[in-house]
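Here come two complexes built around chain A, the first alongside chain B, the second alongside chain C.
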Partner chain A sequence: MMKPQSVAIIGASSNPVKVGYVILNNYIEEGYQGRLYPINPNDDKILGLKAYKSVLEVRDRIDLAVIAVPAAIVPKVLEECGRAKVRSVVVVSGGFAEIGDQKLEDKIVAIANKYKMPMIGPNCLGVMDPRSRIDTLFLPTFKLSKPKIGGVSFVCQSGAVGSTVLDLIAKEGFGLSKFISYGNAAQVDEVDLFEYLMEDDETKVIIMYIEGVKRGREFFEIGKRLSMKKPVVVLKGGVTEGGAVAAHSHTAALAGSHEAYDAVFRQCGFAIARDLTELLHYGKIFASEIEPKGDRIAIITNGGGTGVLTTDAVFNAGLKMAEFSSQTKSTLKKKMPSTVNIANPLDLVGDADDRRYEDALNLLAQDKNVEMLIVIALFQTPGADEKLSERLVHLKSSIDKPMIVISIGAGYTEERKIFMENNGLPVYDSPAAAANSLAELLKYAKYKKKMV
Partner chain B sequence: MMKPQSVAIIGASSNPVKVGYVILNNYIEEGYQGRLYPINPNDDKILGLKAYKSVLEVRDRIDLAVIAVPAAIVPKVLEECGRAKVRSVVVVSGGFAEIGDQKLEDKIVAIANKYKMPMIGPNCLGVMDPRSRIDTLFLPTFKLSKPKIGGVSFVCQSGAVGSTVLDLIAKEGFGLSKFISYGNAAQVDEVDLFEYLMEDDETKVIIMYIEGVKRGREFFEIGKRLSMKKPVVVLKGGVTEGGAVAAHSHTAALAGSHEAYDAVFRQCGFAIARDLTELLHYGKIFASEIEPKGDRIAIITNGGGTGVLTTDAVFNAGLKMAEFSSQTKSTLKKKMPSTVNIANPLDLVGDADDRRYEDALNLLAQDKNVEMLIVIALFQTPGADEKLSERLVHLKSSIDKPMIVISIGAGYTEERKIFMENNGLPVYDSPAAAANSLAELLKYAKYKKKMV
Partner chain C sequence: MQLVEYTAAARLLNSYGIKSVDSRYVRSADDAIRFSGGKKIALKAISSKALHKTKAGLIKLNLLEGEEISTAFADLERRARKFKPYKILAQKMSAPGIEIIIGGREDRQFGRMLLLGLGGIYVETFKDFALRVCPITRFDAKEMIAQLKSRSVVTYSGKSEKMLEELLLRASRLISESKLSELDLNPVIIREDGYEVVDIRILR
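Moving on to the complex of A and B:
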């Protein structure tokens, strides 16, 4: 399903407002290298490709069929897929259990099972894999920035959350392995996806948005095994009374008690995100594959107030501020200008340039009391420029301690952020995001150690 | 100080790395219309302007002197300002109480008091007023987006926090009245600034970052009176044990107990932000001058999962989901396609276009059970485009109910967000931000009503 050599698009269309047009067009635009078969009984040619009346007409093995036809027709085309020995299907069409038609949903599951076809959906966006350029999403490419190739797989019950998070992943600068939007989870569910992703070597980290779990016991078992191999970040929708009702009419999910889910996630060693923003923040820290050393943090800043707020965030996240050794302090005193207070946070003050950061970071990196570094680089100040962002990227590889950056701002700052992110340095735009992400990293490391 | 006809820049310099260069250059670049006097004993001409050895040489009334010379020289030039009858001063130089030199700080306060000169600072960025184009900030303009003219005044003890927040205000699209970074608050403090902003007609909303308060009793008294006239949003740095220590070495603030501050802020009716992001979110909702109607919210969305998450956020913020009237429900059923579940959140599904939003919003706006509207517009979907953003801007003025938008994403979405923001429609990038902001709006309205 993720690396198909041949794809049939059932419901492909020449009409640009149709989902079947967008899907086919995306395959063409993104340069998919396999064989494409548009299926539509009313057309001979779609977007320059020969069209077929049914998959049964195609004289080729079809690895994946994407079904985008009205719900009522899905059983018929699915049956044809089965007879044509299609190897996997994604049903993007909605109009099943989520609007109360459980019978129609049961019917398509029975067909998929009869032919032993793995089926994702219905009521979903489907799958995306930037490596194989497989992309069943029916979203116009110009509206959606697509993430680069990387190690984060994103499992998402909702289509809309999926598309916005993909857009944000691209902006945040970390790379994607697989995206799977699985909608109603009628047949393939979380448990199947976990089994697949556990063995997928391209997947280093899993982030997920979930509204409900169908097989609780199996989820728990596979979840525990999965997080021993790879970090998992989970955001659960429907955690309040009202949200649970909304989730049911969205993906037919039985939301269950918030506390029960939380307990399961915690016992599985998952990082729990409280909103989309945290899902991205935690995804980013795990994607960096930083090995945390301990909870004693040094903060280096060129802005005092941001240092204060970050200290608050470190405490609120349950981390500690490192006590610099007396040697570090005396060497800092010699090397730093008199306006710099030798303390943690170390405020290099507003005129700090890349050299001052380098001197300070090299010293703190040698201090045994310092286990992780938060570097605040505010690019609005006169001394902070391109050179500083380059220096920090360079220091990240020369320093033997985990290091992340906080940079807050618009225009110029965003350019510097993108540069650092693209060079493997995680950058956060808020003190709380940075501190909480480090705390999750440490929590996960402890969980794994305890479980071994 | 905010509308000076003449400004002296003491420590002005031809050397681009000097603070005194950046300040003078910013005045010139931003097109300040008043008279500028660079002061530097070693130059005759700076940046094309005649330079003076001291303010005493200038034969003009000086409304504001910006002092950017080493700390040790500040008493001397301040004394000269006093003798020259300079009407107000901003001391941007650091090197006073914040590095332990209380004596030097007391000395400059005594001089300012002797001549009855209001003095902001030391150790600050100073003031900015986009209307009068006054700007004492020593930050290169290309690194810092500057906000448009508007009604939000931003009081900030820290320079760095100030500059990053200004940059973000510009990005978030709301307008600025005054920016005042007051550093050590040696003479002019929060109480003075509150008194000034309370009477300033250009200021509709106050947001502030604070590390400590010097005159607690007066702060409490003026704070209560101020928030009866204008909403105040406050972010306090140094709320944890470690943060309080850091705050002291930053602005010499005695941070005091977190609980005590919280209690004072609450009794004053201030909205309390827990981080920079919330400071901006709450600033934005108050800047919109929306009059809240009540706590029953309707959510309209083109993405089911985002509807679920927003419902969770509404509940977590202590708001309620509106129960649509039976008439609304039956009319919606007639007007909406069969794929739309008639419920709150109202999921218009992924192919919703501007017309479907319009129909739904007009109906919900007429429902007496609905008091505020959260419109989720995810621009990654095929039906959501420029027309939708235009339609929402239009509906905002035709509908007689508070309405805010949630749009999440990068590139294309950010363009649409900027368009809506520039047309007076508040847009949030997370469900929690939107719901919490509405809750603060309501809380403030209730506070004012109770106090009248």
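Moving on to the complex of A and C:
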């Protein structure tokens, strides 16, 4: 399904407002290298490609069929896919259990099962893999920035959340391995997807948005195994379930469905995001594949107030501020201008340039009391420019301690931010986002070692 | 779901090595005085119709003198009248400590779960609790304790923390193996050197 050599698009259309047009056009525009078969009984040629009346007419093995036809005729075309020995299907069409038609949904599941065809959907965006350039999404490419190739796989029940987060992943600058929007999870569900992603070597990190799971106990069991191999960040929508109506006991009154999900995520060692922003922030820190050593943080800044705010964020996240060794302090005193107060946060003051950052970072990196580095680079100051962002990227690879950057601002800052992100240096635009992300990283490392 | 009778519930706990306070049903004030043997006792009216004993005034604590016990017994009988049928349970008073809750319930999606929280009258106010899917591991037990905001209140030392871990592991086994629908051990009184379950509610 993710690396198909041949794709049939059932419901492909020459009419640009149709979903079937957008899907086919995306394959063409993105330079998909496999064989494409548009299927539509009313056309001979679509977007310059020969069209077929049904998959049964195609004399080739079809690895993936994308179905984008009205719900009522999905059973018919699915049956044809089965007979044509199509190896996997994505049903993009809506109009099934989500509008109350469980019977129609059961019917298509029965057909898919009869032919042992894995089926994603219905009512979904489907799958995207930037490596194989497969993309079943019906969203015009010019409206959606697509992420670069990378190690984060994004599993998403909702199509709307899926497309917005994809757009934001592209903006944040970290790379995508697989995107899977699985809609109603009629056949392929979270458990199947976890099994797949656990074994997928291209996937280093999993981020997911879910509203509920289909097989709770299996989800819990595979979730525990999965997070021992790869970090998982989860955001769950729909936290209320009518509260604790008619609870018999204190326990039942306290621990409703939402709390149960929360408990399962914790027990599985997942990082729990409270909103879309956190989902992206945590995804980014795990994507950086930083190995945390401990919770003692050094902050280097060119703005005093932001240093203070970041110190607060560090404490709020349950991390500690490192106490610099006396050797570090005396060397810093010699190397830094007299305006720099030697303390943590280390305020290099407003005229700091890339050289001053370099001197300070190299010293702190050698201090045994420092385990992680937060570098605040405010590009509004005169000394901070392109050279600073380049220097930081360079230092990231020469320093063997986890290092992240906080840069806050618009225009020019955004440019510098994207430059650093694209070179593998995680950048955050708020102290809390940076500190909480480091805390999650550390929590996961402890979970893997079964340390409390 | 069926409420398990109190003394049967206490025996079930005991079979998993979970200690509850010495309790038995008493038929009269004199019976209660005999049970007390000169030590402080509590009297509780037990009825499946009264879910919150404290709210309904069905609990009398710290009774020592004969007259005190007799007055309390009579008052309980009067209050319990509207919850018929009921029985009156006498319990030895537990030495003071911190009140926690250990509970269990069956979740539709994930199956049986175990809860640990700051207990007694604070349960609903602070909602400071940790939840896990049963059966739990020792790591889970440690994490549950660490997750509580009231951790430093609930555990006195490394020793009492170990004791609580052990108790959680036993409760998890009880919930899973005995296939309980709901369990409330509230309160459990924790001291530096031991603990006792003071009230039990089990639904099967």
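Here is the rule we go by: the second predicted complex is superposed on the first by the 434 of 452 C-alpha atoms of A that agree within 3 Å, B and C clash if a C-alpha of one lies under 4 Å from a C-alpha of the other, contacts with A are read in each partner's own complex, and residues count from 1 in each chain.
Please note the rule applied: a residue touches a chain if its C-beta (ideal position, glycine included) is under 8 Å from a C-beta of that chain, and two chains touch if they have at least 3 such contacts.
This is a predicted model, so every value here is computed, not measured.
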{"item": "First, second, both or neither for A:75, with chain B first and chain C second", "value": "neither"}
{"item": "Touched partner set for A:118, first chain B, second chain C, both or neither", "value": "neither"}
{"item": "Touched partner set for A:213, first chain B, second chain C, both or neither", "value": "second"}
{"item": "Partner chain(s) touched by A:175 [first = chain B, second = chain C, both, neither]", "value": "neither"}
{"item": "Touched partner set for A:266, first chain B, second chain C, both or neither", "value": "second"}
{"item": "More chain A residues in contact [chain B versus chain C]", "value": "B"}
{"item": "First, second, both or neither for A:34, with chain B first and chain C second", "value": "neither"}
{"item": "Partner chain(s) touched by A:252 [first = chain B, second = chain C, both, neither]", "value": "second"}
{"item": "Partner chain(s) touched by A:140 [first = chain B, second = chain C, both, neither]", "value": "first"}
{"item": "Where chain A meets both chain C and chain B, residue numbers", "value": "249-251"}
{"item": "Complex contacts: residues of chain B adjacent to chain A", "value": "17, 19, 22, 94-95, 98-99, 138-140, 142-145, 156-164, 167-168, 170-171, 209, 211, 235, 237-243, 245-247, 249-251, 274-277, 301-309, 311-316, 321, 338-339, 341, 343, 345, 347, 349-351, 378-382, 384, 408-413, 430-432"}
{"item": "Of all residues in chain C, those that touch chain A in their complex", "value": "1, 51, 101, 103-105, 107-111, 113, 115, 117, 123-124, 127, 129-133, 139-140, 142-143, 146-147, 182-184, 186, 201, 203"}
{"item": "Chain A - residues contacting chain C, complex", "value": "212-213, 216-217, 219-220, 248-255, 257, 259-264, 266-267, 450, 452"}
